[in-house]
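Everything below concerns the one structure shown next.
Note that the chains take the letters A, B, C, D, E and F in the order they are written out, and that residue 1 is the start of every chain.
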Amino acid sequence: MVERIDSRPRSSTTTTAFVATLKRELILAYKRKHDVVNPFMFFLIVATLFPIGISPEPERLSLIAAGALWIAALLASLLAMDNLYRADYEDGSLEQMLLSPQPLYFMVLAKNIGHWLVSGLPVVLVSPLIAYMLSLPEGSYMTLFLTLLMGTPVLSLLGSIGVALTVGLGSRGLILAVITLPMSVPVLIAGTMAVTETQNGASLAGYLAIMGALLLGTLTLAPLASAAALRISVS
Amino acid sequence: MWTWFHQLGSPKWFYELTGRWLPWLVAAMSLLLLVGIVWALLFVPPDYQQGNTIRIMYIHVPFASISLAFFPLMAIAGTVTLVWKIKLADMIAKTAAPLGAWFTALALASGSIWGSDIWGTWWIWDGRLTSMLLQLFLLIGVISLRSALEDTDAAAKACAVLSIVGCINVFVIKYSVDWWNTLHQPASPITTSGEGPNGPEIWVPLVIMIFAIYLFFAVALILSTRNEILQRERRAQWVQDLVRTA
Amino acid sequence: MSHATQASESTDSVTPPPNTELLLAARNLFCERDDRVLFKNLDFAVRPGQVLQVRGSNGSGKTTLLRIVCGLNDSYEGELSWCGEPVADVADDFYANLLFLGHRVGVSKALTPLENLRWTCTLNSAVDDAELLAALATVGLRGFEESQCFTLSAGQQQRVALARLLLSPARLWVLDEPFTTLDVRGVTQLEAMLHNHAAQGGSVLVTTHHPLNVPDLEVLDLG
Amino acid sequence: MFEIQFASLGEFFSMGNYAFNVWSVYALFALFFVINIYFPLVRRKQILKEQKRRLLLNAEAEESRTGSS
Amino acid sequence: MVERIDSRPRSSTTTTAFVATLKRELILAYKRKHDVVNPFMFFLIVATLFPIGISPEPERLSLIAAGALWIAALLASLLAMDNLYRADYEDGSLEQMLLSPQPLYFMVLAKNIGHWLVSGLPVVLVSPLIAYMLSLPEGSYMTLFLTLLMGTPVLSLLGSIGVALTVGLGSRGLILAVITLPMSVPVLIAGTMAVTETQNGASLAGYLAIMGALLLGTLTLAPLASAAALRISVS
Amino acid sequence: MSHATQASESTDSVTPPPNTELLLAARNLFCERDDRVLFKNLDFAVRPGQVLQVRGSNGSGKTTLLRIVCGLNDSYEGELSWCGEPVADVADDFYANLLFLGHRVGVSKALTPLENLRWTCTLNSAVDDAELLAALATVGLRGFEESQCFTLSAGQQQRVALARLLLSPARLWVLDEPFTTLDVRGVTQLEAMLHNHAAQGGSVLVTTHHPLNVPDLEVLDLG
């Protein structure tokens, strides 16, 4: 029996393709549970390097806590990016995505969202705990949490451009970092300043507005760049 | 109409045109450099605060200001590469990246040597310095990406995308780093140094040096781009003819 | 190995009979890699109902040609048209009607055959699970629907990709060495699938080094 | 405006005790000049030589092919 | 002509295999120049994250400088590890290495040495510059340099075990980090303590002895573990 | 597709003639993956001068068997012996005489064919560059010696690996689908290489789905 199974083609819509891609991303994460656990663990471990490497005294720690948390989150997000397109590139799924009649933009967006849900969100959720361990001053918890919540997606979206550009390379890990880290500096600045300045009495709203602007900007533009970069990398 | 545009972007056209211009450019550059450097070293009066270190300014300021032009340049070239697939644009972008890194590095080095006396340290995490350093990192990222991607076409397009994204980022970074720094620190000596006596005996040689370094930038870019053209177009008839007669 | 300038048998520039309206046509293709001309002045066309085998020695540019046709490689010169229009102008229709299987077949090792198929099919058309299961059974993967693909043998992974051929509404199939790693029965089955697709008015562009047992096969030889 | 600011050559070289600062910047500039102007010129010569050799080799190969066949 | 080219087999020795593998590693690094530049750039960039994220003031920086440098070196070494066996695994070269009659131990050692030369050494060499930029107290430069010189090979050798264990997995970067970072903590502690304690007047020799012991221990044992791990990953 | 319990034609347990001293012998092999028995009670032996083709449908366990033989997979039961001794006892001699090419052929994409060959050969025997270049020319890669392998076509990469066959002093070749992606001339050449090796007293264990045109071929069918 080699007949085609179904002879009435019902074409898919952009929405179904978006949903299918998002679902696939989540299933993949579920299969490779370590994809979810690892960014999270990495964040924990890097955060613990600070008391070990710098100083275990609560007073000194509390001075560096916000920065240390943001740096750890930045690095965790960066490392997690590596998985975003690589497996798909290697097994040819990415080609199939490019050859789909649906716009690549939305599929890239779906992959980005799925990826942040499994790698960025857990980091954000666990951050108050680490903040406590690093003696972050009371009262900064909310600021830290909210800025991380809005900042980590920006990091993911920016990182996605870097991975898309380097997905065809042998040794990605580091070149990705070299491309992406400088671009992430504004997020780091906004995030840490929000924490330190609100400690000094500044209002949170302004910082959140900046974060929001960064998030909106990258959310609309970054997938475009990622999509273009993927086309380049695959051909 | 696009045929005209493409012709304008043809490597052959560029090679011949710059071949005609180069002698003039080099002559003008040499003259201005000579005048500028001699003036800066011999005739500029020492600053009442900084003494003879003021002479560093005549290197530092031209390099610092021109190095800000590289990302916009690369982004424009990148856009042309992506939209019109004009090879020449990518050749320029390719040579611009290392040149930009050199410019940035020299601005950083001269600034930090200048500052070593005024600040008493070679390096501070001042807003402008930090954003300059980050620009250097971004440029090295572009170079690194170019060297990592083996396929010329793919590298051209990937670097074009990265340059465009990077160009936006350079502005965001600059803005955010200034913001970050000004809240933490008093204004840096860079901005206060403009307060001294500012007569023409100070700024005329500076303007000359700025022009000279701009010409230098053009000459260096053209020289490397011509090499790139010779290599990439090596199979074109006109290059082969040129090689035979050379 | 290089310099292949043959035109295929199918480019008859005399007025074609109405039923042989061209699906895909390439005119004057030129491609060069690393100073080696892979092909130049290459013309060929694919009609509905045609199976066109691209043949040539190793390194003659078959894979390159197929990727050019699919728009996955743009280091070429020449024109590609789809139903008479330049491909760039009708990209939506072209991609809706294209099915490409390359050397890397697009099967995620971490997913099961069913999950793989579900996603790749949804990119083009709406399908339901019964159809997917039927297709997997047809290609001989009954019992493996829920195993992760990295546990499957090379040939079984290839079969997961081939199941898409049974489900896709695409009119043009572009297959790069789809027979590698298939066992004898798999080869016969795939040949039947190709023939069947052509008989229903679809077209196939396929590379392989082995003699292909398909009626009315036409050959494009890259040398 | 155009008067030389140094009384002696020694004073010029010592730059009012900023010899290291001033001269190292100008030395860096010279280095930079060499790297970005002189090296491309050298490279150009090299490229032309390489390509000339390649052309000759190709011509020879072509000749031997047509000669042998 | 399909005759075997040479009919007198001259068998290779362990030394030639060791040298050939080391050479290959260096050639690969030369081809992918970014493999050499990137660990170095990564180190620089991560080091700049500290002043940005924590504080640009020299007094506060000088307190965290040693820790920051060590953390950056640790992460750079970790990220560089990713390339060590992956490409060889994916293209099958690793299988060939396992099937060679020469002892795997020496080939692993050759790869580790080659890898450290191109990724670890540049980081060590540039560290004084970064130390200056982070306002490391005068007098600690030598300590930092020497401990990094002895510590980064240990990090590489330990990392090698982690990569070897995870080489067959999809998402290595992170899982590697999670395995390796905890193992690297002793090195981090020894390194940063050496810097801070010699500032307080302790003698450097003791710390160097500890570092030396760590280095010797890992140099002899870690390749054994890596070799065993590789065998497991490949089969 | 599963449950293959055939013994090969070559296991004649009657006293063997002296010249057929066994190189490799497997007794009573049993392998199970994911609750599916791939083979059990499998006996076979390889004599010097023998080409043994392992055949079977997709997923029947050919690759698994070959990897077991090479010691790259130890999820099996049974005994493997080399020249009459258990393989574990004579591992040094065994590995010095083994050449394995798997689905992944061991060609680094970033290196050139020459560099690749130089390293893989040195792992087993000392070779000099003239020999390497001659071997590359023989497999049809003249002119590509210095291109990086990722620019080569699939078949050309395969040929880089095959060049090792011309240089290795190994007596036993274990080849997993070495014919995939080879063009017609490449297939003929490889067949000649196999025959030649056997004629010189070597042995070959090879899987492929295509009929193999080698004199005195023996077949082990996994079903």
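Note that a contact is a pair of C-beta atoms (placed from the backbone, for glycine too) under 8 Å apart; a residue touches a chain by one contact, two chains touch by 3 or more.
Source: prediction; values computed, not measured.
Between chain A and chain D, the least number of touch steps comes to 2.
Counting hops only between chains that touch, chain C reaches chain E in a minimum of 2.
A centroid comparison over C-alpha atoms places D as the chain most distant from chain C.
When the CA atoms of chain C are superposed on chain F, the rotation angle comes to 180 degrees (nearest 5). Relative to chain B, the chain whose mean Cα position lies farthest away is F. By number of C-beta pairs in contact, the leading pair of chains is A-E. The centroid of the Cα atoms in chain C and the matching centroid in chain F are 31 Å apart.
Put simply, the C-alpha centre of chain D and that of chain E have 37 angstrom between them. Averaging Cα coordinates per chain places chain D and chain F 55 Å apart.
Under the contact definition stated at the top, the residues of chain E that touch 2 or more other chains are 32, 34, 38, 41, 45, 52, 55, 87, 90, 170. Chain C has residues 74, 103, 109-110 in contact with two or more other chains.
Among the residues of chain D, none is in touch with two or more other chains.
Note for the complex: chain E touches chain A at residues 32, 34-35, 38-39, 41-42, 45-46, 49-50, 52-55, 60, 63-64, 66-68, 70-71, 74-76, 79-80, 82-83, 86-87, 90, 169-175, 177-178, 181-182, 185, 188-189, 192. Chain A meets chain B in the complex at residues 161, 165-166, 168-169, 171, 175, 178-179, 181-183, 185-186, 189-190, 193, 197, 221, 225, 228-229, 232-233, 235. Touching chain E in their complex are the following residues of chain B: 121-126, 130, 133-134, 137, 140-141, 144, 147-148, 177, 180-181, 184-185. Those residues of chain E that touch chain B in the complex are listed here as 32-34, 37-38, 41, 44-45, 48, 51-52, 55-58, 61, 132-133, 135.
Contact residues of chain F toward chain E in the complex are 67, 70-74, 92, 95-96, 98, 100, 102-111, 115, 118-120, 122-127, 131, 134-135, 138, 148, 165-167, 169, 189, 192-193, 196-197, 200.
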